[in-house]
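Labels run A, B, C and D following the written order; every chain starts at residue 1.
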Amino acid sequence: MDGIRILITGGTFDKHYDELKGILTFKNSHLPDIIKQVRITIPVELEINQLVDSLEMGDQDRQNILAACTRASEDQIVITHGTDRMVDTAKVLGPAGLNKTIVLTGAMVPYSVAGSDALFNLGCAFTAVQLLPPGVYIAMNGRVFPWDRVRKNYDKGVFESI
Amino acid sequence: MDGIRILITGGTFDKHYDELKGILTFKNSHLPDIIKQVRITIPVELEINQLVDSLEMGDQDRQNILAACTRASEDQIVITHGTDRMVDTAKVLGPAGLNKTIVLTGAMVPYSVAGSDALFNLGCAFTAVQLLPPGVYIAMNGRVFPWDRVRKNYDKGVFESI
Amino acid sequence: MDGIRILITGGTFDKHYDELKGILTFKNSHLPDIIKQVRITIPVELEINQLVDSLEMGDQDRQNILAACTRASEDQIVITHGTDRMVDTAKVLGPAGLNKTIVLTGAMVPYSVAGSDALFNLGCAFTAVQLLPPGVYIAMNGRVFPWDRVRKNYDKGVFESI
Amino acid sequence: MDGIRILITGGTFDKHYDELKGILTFKNSHLPDIIKQVRITIPVELEINQLVDSLEMGDQDRQNILAACTRASEDQIVITHGTDRMVDTAKVLGPAGLNKTIVLTGAMVPYSVAGSDALFNLGCAFTAVQLLPPGVYIAMNGRVFPWDRVRKNYDKGVFESI
């Protein structure tokens, strides 16, 4: 089917400052506002799969992401995801061998915080998902990596090839 | 040569508010700050070719852009450009047949204004330039168009296929 | 009556980027959103008197502002106004001798543009209107000036005592 | 002495997102940038007294703030402070009976996060410190409270009279 599904799972990308508790947490996704802001003309379907910090994702959470990808009617899927466990989720999606192009992305700085990389990364993922053949990829730091040749360098806060 | 050249020509993307004159104009490019903000790990060469509103671009200005593309040592070039005459510049670059991948992008709302699409569009262009074969393209509204099959719809403020 | 009236007249404070025309103009006031954002607990009444660039204000426009101040049930009135003719409007309001505290303020950079002084200036005016005796004042650049002892220095873009 | 001293103690106002650790913490103060942004024309002296979350302030930290106020050559002092223990610090400064005007302020949302109240609150404090007689005050939510007649309502996240 035409169009792109954006599967929202939370992560730094969507973190929101709770002023009563004084912490960064999740409330709603910013994606509906972002889609308007960036003036996308391709049909986009937003789906909130979960809103969690990826450090707290368990096996079942990853299976829920896989299930959502499987059941999606679109052939092109962008997943917003926490960066700390993005590679782990990619390793669940990759071997599943769905005949779809799936691109995970995220942010090092939340969309709602000054100096965020969220919009840039989303642009990268949104373009990669349209141009790449079926498979599972990670789009971060202006690069696109196949799911099985990437790791996060936690010291530098960037993704790199392996 | 490895790496990506970003050729800066101005446009809405880089407009800056001059508080003494009370108008949007050009001062410096925001691209050096943006490159840091989005945490790109690929070598990037920034080149300010001109800082103008594309409505004021003449033939010579377009030739200057073509000359910069020709002389660039990189095979991948992103051009930030005003949206109003982006297609016109693409029509100068396309027929030149350089053996490089060139992607023009811009913004409907300046980077320095709330609700800007600049970072998203830059992410789209930055990814397209790495994934597409040699040719000249426009990346806007989350889509990538070949230079000779795109127009700006001025009423809607979006780019569309022709 | 208790509470503070904010009389909105436009000016740089409220300018909005029109992405179709590529110009800064007026659409709606940002004040309703701002009032929520800054978590004011005092009753506030917002009134849009006009939405214009103060360079385009005529005598009748100033009379409309005076009329709104006269008819307001509140004794404390903040007026958001373009900086270029703020002093001129103050010179209409001051001699009218209303038994109210009226503070004009504005912005050198629109609220919707990065690096805006709008929120700071509004905070200054909002506090001055509560602490000062009846009279007409201008709050800009972190200072509060009586209406008849202030001018805008157009070269420096700041207000100063005369 | 003429001029206003801004004593920086940290708090939500100055929190910064650490993208490697994924937490809000302190790095540098944003006040130097803010002072430029809001175009203040009064001489301002910035002093970083400490950069802490006020929940972690101890008695000695409060004595350090008092000492800084005592030794300041200015008669007007604004203190940026965490909101959770702002009243506690005010209760140390108030009884000290310095012959200076001291205004504490802070933010519910950090300056670096979208939707911040920091600039507005700073404007309130900056104006209050110039208009009020010697004493210790808290400027929050668009109101100015004497130090001994205010509390933070933690459920609502606002300051109120007692």
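One rule holds in what follows: contacts are C-beta pairs under 8 Å (C-beta built on N, C-alpha and C of every residue); 3 or more make two chains touch, one makes a residue touch a chain.
Treat the numbers as computed from the prediction; the structure is a model and nothing was measured.
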item: Any chain that touches subunit D and subunit B; value: A, C
item: Averaged-CA centre spacing for the pair subunit C and subunit A, given as whole angstrom; value: 43
item: Separation of mean Cα positions, subunit D and subunit A [Å, integer]; value: 38
item: Gap in Å, rounded to a whole number, between the CA centres of subunit D and subunit C; value: 26
item: In subunit A, residues with contacts to at least two other chains; value: 108, 115, 157
item: Interchain contacts, given as pairs of chains that touch; value: A-B, A-D, B-C, C-D
item: In the complex, subunit D residues that touch subunit A; value: 12, 17, 19-20, 22-24, 84, 108-110, 112-115, 154-155, 157
item: Of subunit A, residues touching subunit B in the complex; value: 34, 37-42, 108, 115-117, 119-128, 130-132, 139, 141-144, 157-160
